[in-house]
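You will see two complexes here that share chain A, one where it goes with chain B and one where it goes with chain C.
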Partner chain A sequence: MNRGVAVSYLVTRIATLGISAAILLYAVPPLVRTGSWTALAILLAAAAGIGYLYLTKRHVPAKYLVPGTILLLTFQVLPVLYTFSVAFTNFGDGHRGTKQDAILAIERESLAEVPGATDYALTVATRDGRVVFLLVNRDTKQVQVGDAEGLSPVDDAEVGLTGKVVRAKGFEILPAGERDADVQALAVPTERGAIKSVGLSRAIEFEAKRKYDVSCDCIIDGANRWTADGDRGYFVDGSGNNLIQGWKVNVGWANFGRVFTDPNVSSNFFETLLWNFVFALASVFVTFVLGMSVALALHSPKMKFKRTYRTLMILPYAMPAFAMLLVWRDMFNTDFGLLNRLFGTHIDWLGSPSGARLGLILVNLWLGFPYMFLLTTGALQAIPRELTEASGIDGASPWQSFRRVTLPLLMVALTPLLISSFAFNFNNFNLVRFVTAGGPYAVDNNLVGKTDLLITYTYRLAFEGGSGQFGFAAAISTFIFIIVATVSAIAFRRTRAQEEVYS
Partner chain B sequence: MNLKKTWWRHLFLLVVVAFALLPIVFVVSAALNPIGTLSTAEVVPTGASLKNFAKLFSDPDHSFPRWFLNSVLIALSASFASVLLSVMAAYAFSRMRFKGRRIGLLSLLLIQMFPQFLAIVTIYIIFTRVTELYPTFGFDHIWSVLLLYLGGALGVNTYLMKGFLDTIPKELDESATVDGASHAQIFWRIIMPLVAPILAVTVLLAFISTINEFLIANIFLREDHVKTLAVGMFGMLGNDTREANFGAFACATLITAVPTVGIFLWLQKFIISGLTMGAVKG
Partner chain C sequence: MRAIRIAGVVAAIGLVLGAGLGLAACGGSTPTAQPSKDKGNGKLEIWADPKRTAALKPFADQFGKDNGVTVTVKEIAENLQQTFVTASQQGSGPDIVIGAHDWIGNLVQNGSIDPVNLTSAQKSAFEPSALKAVTFNGQVYGAPYAMENLALIRNTELVPNAPATIEDLVKAAQDLKAAGKVSEIMCLQVGAAGDAYHIYPFFASAGGSLFGTTSSGDPDPKTVNVGSSDSVAAFAKLKELGEKGLGALKTSIGSENSISTFAGKKCAFLVSGPWATKDVKTAGIKYDISPLPGFAGGKKATPFLGVQAFYVASKAKSKALAQEFVANYVTNKDVAKALYDADPRPPALTAAIDVVKGSDPDLVKFLNAGKDGFPMPAIPEMSAIWGPFGNAEVAVVKGEDPATAAAAAQTAILAALKK
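Our next item is the complex of A and B:
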């Protein structure tokens, strides 16, 4: 082994150890603090595995595969698998946590001031960075600390003239008004309800109007009661009305079934699905035809200015696409748009469903044809000129030699990329989100528009329009995956057959 | 003489060039137009000034230079790191024979079909928890987005890279092994220099797709100072502000375009082979 190898060997070993140690030092404490033991075990096992892998000389292929694979597993495979499992739950706004979380939330929501409640002088402090209440009972002068867990006594506290705590061991007193959001949010649970802050230096014990009763598995509020419904993840009263706060339960195939059975969803879903297919196919088709035509037009030894043409043609591909999409949107604008100005018209181009759909495909044509032009140019260069010349000598017309010789050879080379292009356009989020935002919308339906793709619909279900239906959105993501995977699988199979035919 | 035979080709190409250039000319004109609103923008500007550029950099409502920096930072590190990760994996798949190689390649092909952003719902749920534990890698920090982009890297590029590496004759590294080179030396000193031009193109394409990424960035980067260009500039043309900001927006578009267009033209020759090599190898 020469010196250079020895040094680089040493350096990589030290770097490995250093980086792993740094990651552990950073990542372990929060996991210990929150008691996430499973995560901690996985982390330590992974660190030990990486240490072993890079400190020994064995398992060479793994040394090259592991860095990317870890990232792939953590940030792609895991979320994808998790998506499949979320698709079987009602996870979403109102159904985020466990049943216990829901009960706590319902009880806290119903907190109300009652006469004769215990009154405390409040001092806001922090302990290990978390906001806590230092509470002095106005009658007994006893000092207690309250946090999200409950009340506990404080021994070493000095109470000032105002009745507030001035100093306490292990606590840092906060100036008034600081970390206001945390102060507002803190409710110290007690037997009757919870202690909450009222103003800057006072806290009162509130009573929960609605209380959970284990014996009937229900929430009781005076004469009203809501019984837990484990299938829907709600507390429901006798007439079927539920409390807003629910919890996460498994709903089986309900999210998938909703696509077919819920009349509000199903008609839109199939219209969206159909448009999604039409859009992706049309996009691939028009961009490919225009790109190929340009490449063929340039593909002649007699042509001049080839370089100039090529440079100008790829400009749309090189421009920042997201910005150009917004420019296109404003070119279509009814009042000030460039198109209306050029033609002297006053047309709402994107206002009608068919107008908006054609507009999207036109914009996609502009954006996508340079890529197809580059692809075809590359593929054409790989086709020997003798082949087309030979067919010419055999008496074929230019069209025939294109149709019978050039096109089939092009398709062999380009089909896999056309499939990728289909898959990409099937989920072309940016185009739809930026140009039409899914619109136009029907008057009675603001959840799904006429140009929505499944991916933009999913996005809206989860993040926009305040609906937060994560479970249902995950089910639609799963649908998209199945569709794209099926189409790609079929298409790839056919390419293999095609290659065998022409090779 | 030649022109007589090819005039129809030129005619067709000129029409397409006009189509390709129309929006770009429109942006240039809007950027230079001294009034700089959507309603004053025209294809051919009447008068020209750099007032919109000045407005873009002085407007207190948004911080374009910051977005630019964030975008370039994220896109540069994501594109370089992801191409490095995938060329490493491709090296293992192309040059080494090991247990699980076939399964590994097949799973990559399968994973490739499930784009990462389809899992956006659960990515969001997972990162809600990550934000509680490690704020630096959570929402409103560019680290989170960077990690996510790297997570998608292996699925996208490895197959393509393996195709590139397969075209390099095996005899090269075999003779190096005989001379006593280690696997790391072969990778860095022999393979990497040979695929460098193709890697440059792949980095460029990864750079462009990262700059354009909106879906994930829009959910993760909500504070003005961590926004990327795509998220920030989308906000510039909000419903109330789009009329007034259009000139400044056009300037921002041009500034964003200059570096990519420059590199694109510079690497033009390699781009065609870079794109189609993947096609031939499938």
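Our next item is the complex of A and C:
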């Protein structure tokens, strides 16, 4: 082993160990605090494993594979699995927490002042270390102490100008903000309800109008009752109306089934899917053709000012895409847009389905060709010029030598990148969201726009229609994942065949 | 040699584990040692959007000084509502959040906020419409501090007198257009996706409605009225104002260019709110503010009333302190004035309005324009309206059939509400 390798080996080893130790030190305290013992065990086992791996001289291949594998698991596999698991729940707005959370929220919401309740001036104090309320009746000036047992009179108390107790024998006044949880938790029982604090200087007698009853697993409010429905995660009354506070429940395959059974979703699914494919394929094709053409032109040895041209070509790629998308949207504006002013026309570019679709691909071409240009330029450097020269000597025309020699070699290098570009464009949310927002819509169909991709359509269905439905969105995301994974797998399989031919 | 290496490995792993456990022990023991300070700890955290953060800072600090606690105001740049709900759920949310009153329905269904208990004296200090806006299911959920609504802003050099009806407005603008003084009838943002908030006053004036009403007068999510015959008639009126009709409503005017088009003197009328006056003043335009005109012989043009309010998070770590801040500090006249100075929107406290009225004539005019305003429904179902309604608006503005467009919107809204 030469010296350079030894040093770099040492450096990477120290770095890997250092980073894993740092993550460990950072993550352990919060995990312990929340009592997440399983996560802690996994973390410690992983750290011990890494420590063992990099401190011995054995398992050399594993030393190279483990960091990538860990990153793959953390950032690819885990999110996919998590999304998949969310798809089996009704997780979303109104169903975020547990049933206990929902019950607490319902009871809190129904807390109402007891009619004609006394409005006490409150001082929070402690007696023998326990939080109590020193209460002054604003009308009678009578001072009482309230604790978990109830109210009792206080004899030796001094009431200040604000009407609050400022000093009392046997009590220690508590500074603002201290022992907040205890202050919140204290409810002084009374005949009709309980006295609770309102802020730090008032206390009022409240009663909870709605109460949870374990025996019937329901919420009772006078004569009304709402029974827990474990399938929907709601408390429901006899006529099917529910209280708005719900909880998270498992719904099995319902979210997946909805994609096929809900006519609002299924009737538009295939048209959207078709356009989605057209959009992604067309985007990859046009950006690649333009990017490659420019790269080939600049690859020619006869070309002058190459550097200037290359800089100009990269410009769209260097600008912030978000801002550019909005600028493009404004350029398409019928009355104030640059395009119509330039051509002296009055066309509603994004207002017609074909115009909007072409517009999107045009914007994507502008944004995307520099990427393809860079890739092709790189790949071209790797193809020896002798090959094209040889084919030239053999009598091939420039087109023939491009078609038969350069292009196949380029494709070997670029196909995997074209596949990833396809996957990216298949889910090109930002472009559609910012330029057309899915529109235009057919006048009789308000559910799906003519330029909606599956991902923008999903987003609208899940997050803009009423409330965030993460479970349902996760189910559609799973479908999108399956589609993209299938297409990519087929494409990679074909690439491998191609590689075998040319390598 | 080999033994030494193994010993090294064991020592290193031991060190890592030891350090981890050691820290864990510290982290774990802090709360248990002093149970009184495990929550609260004399800290108050407020979340606000970027526009309000700076305005809040000084008087948050003042509250901290008065009560001997530390108050932090954190700026959430994007998606404050969703961020708050998610963070709250996980127990990492703030004690107080500031937002529009139409969030209340969603925050309540997620159990994210608590009712705020105000005395009847405190309640009566607010403008009645502001208090009504933050009331949901009979409970007051926030302390309102600012109100906003749409009004008609007009260029007084071009149009000295406020139009009484939309017909008058269009007539005046057409004359100006013929004289070459403006290029647009009015600047009302529609955009490619439609804008239900800005078109609603005119939709309502033409007789349209979004929801039915319950017996208590609240919007009833069970009856969606967007597809009703009255609403179809209202959409037909909007069609007359649209691109194939009078050209007063155009999809080419959207949120990104409506105020700048007015500031550039390309239109004489702007439908917008208090947030627009700054740009208009900067452009040096002489302007006046008047209530939105309705259709001749129609109902009043009722803009949505929006209220900005302070909410107490149900999972606040310093809830008593948060309640104190929201119920007893924000409701103070001087604080309302300070907030107004930092961000001039009409205050929700009647007393504060009286204080700032003299120095800001626009404020009274905006309040006047919002007099008949309709508090934007706070029910969660409202969010299902925006998209489909906007699409129907765009369709009729482009000259499509109102009945088809309204029916499609109705279908889409019902589909979104059916879960």
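Methods note: the second predicted complex is superposed on the first by the 272 of 503 C-alpha atoms of A that agree within 3 Å, B and C clash if a C-alpha of one lies under 4 Å from a C-alpha of the other, contacts with A are read in each partner's own complex, and residues count from 1 in each chain.
The criterion applied here is as follows: contacts are C-beta pairs under 8 Å (C-beta built on N, C-alpha and C of every residue); 3 or more make two chains touch, one makes a residue touch a chain.
Note that the structure is a prediction, hence the values are computed from the model and not measured.
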{"item": "Partner chain(s) touched by A:374 [first = chain B, second = chain C, both, neither]", "value": "first"}
{"item": "First (chain B), second (chain C), both or neither touched by A:19", "value": "neither"}
{"item": "Contacts of A:293 with chain B and chain C, given as first, second, both or neither", "value": "first"}
{"item": "Partner chain in contact with A:75 - chain B first, chain C second, else both or neither", "value": "first"}
{"item": "First, second, both or neither for A:30, with chain B first and chain C second", "value": "both"}
{"item": "First (chain B), second (chain C), both or neither touched by A:336", "value": "both"}
{"item": "First, second, both or neither for A:7, with chain B first and chain C second", "value": "neither"}
{"item": "Contacts of A:444 with chain B and chain C, given as first, second, both or neither", "value": "second"}
{"item": "Chain B and chain C footprints on chain A, overlapping residues", "value": "30-31, 326, 330, 333, 335-336"}
{"item": "In the complex, chain C residues that touch chain A", "value": "5, 8-9, 12-13, 16-17, 19-21, 23-24, 26-28, 31, 36-44, 67-69, 82, 85-86, 89, 105-106, 108-111, 114-115, 117, 119, 137-139, 184, 192-193, 250-253, 256-257, 261, 314, 317-321, 323-328, 380-381, 383-384, 386-388, 391-392, 394-395, 398, 400-401, 404-405, 407-409, 411-412, 415-417, 419"}
{"item": "Chain C partner contacts - residues on chain A that touch it in the complex", "value": "17, 21, 24-25, 28-33, 44, 47-48, 51-52, 55-57, 93-94, 96-97, 101-102, 104-105, 108-109, 111-113, 119, 124, 175-184, 197-202, 204, 244-246, 262, 264, 326, 329-330, 333-337, 348, 350-351, 436-437, 439-441, 443-447, 460-461, 464-469"}
{"item": "Touching residues (chain side chain A, partner chain B) in the complex", "value": "2, 5, 8, 12, 26-27, 30-31, 34, 36, 60-62, 64-65, 67-69, 71-72, 74-80, 82-83, 86, 91, 290, 293-294, 297-298, 300, 302-304, 309-324, 326-328, 330-331, 333, 335-336, 338, 341-342, 366, 369-371, 374-375, 377-379, 381-382, 413-414, 416-417, 423, 427, 429-430, 433-434, 455, 458-459, 462-463, 470, 473-474, 477, 480-481, 484-485, 488, 495"}
{"item": "Chain A-touching residues of chain B, taken from the complex the two chains share", "value": "2-3, 5-6, 9, 12-13, 16-17, 19-21, 23-24, 26-27, 37-39, 41-43, 85-86, 88-89, 91-92, 96, 98, 101, 104, 110-111, 113-126, 132-134, 147-148, 150-155, 158, 180, 182-185, 187, 208, 211-212, 214-215, 219, 229-230, 233-234, 237, 242-243, 246, 249-250, 252-253, 256-257, 260-261, 264-265, 268, 271-273, 275-276, 278-280, 282"}
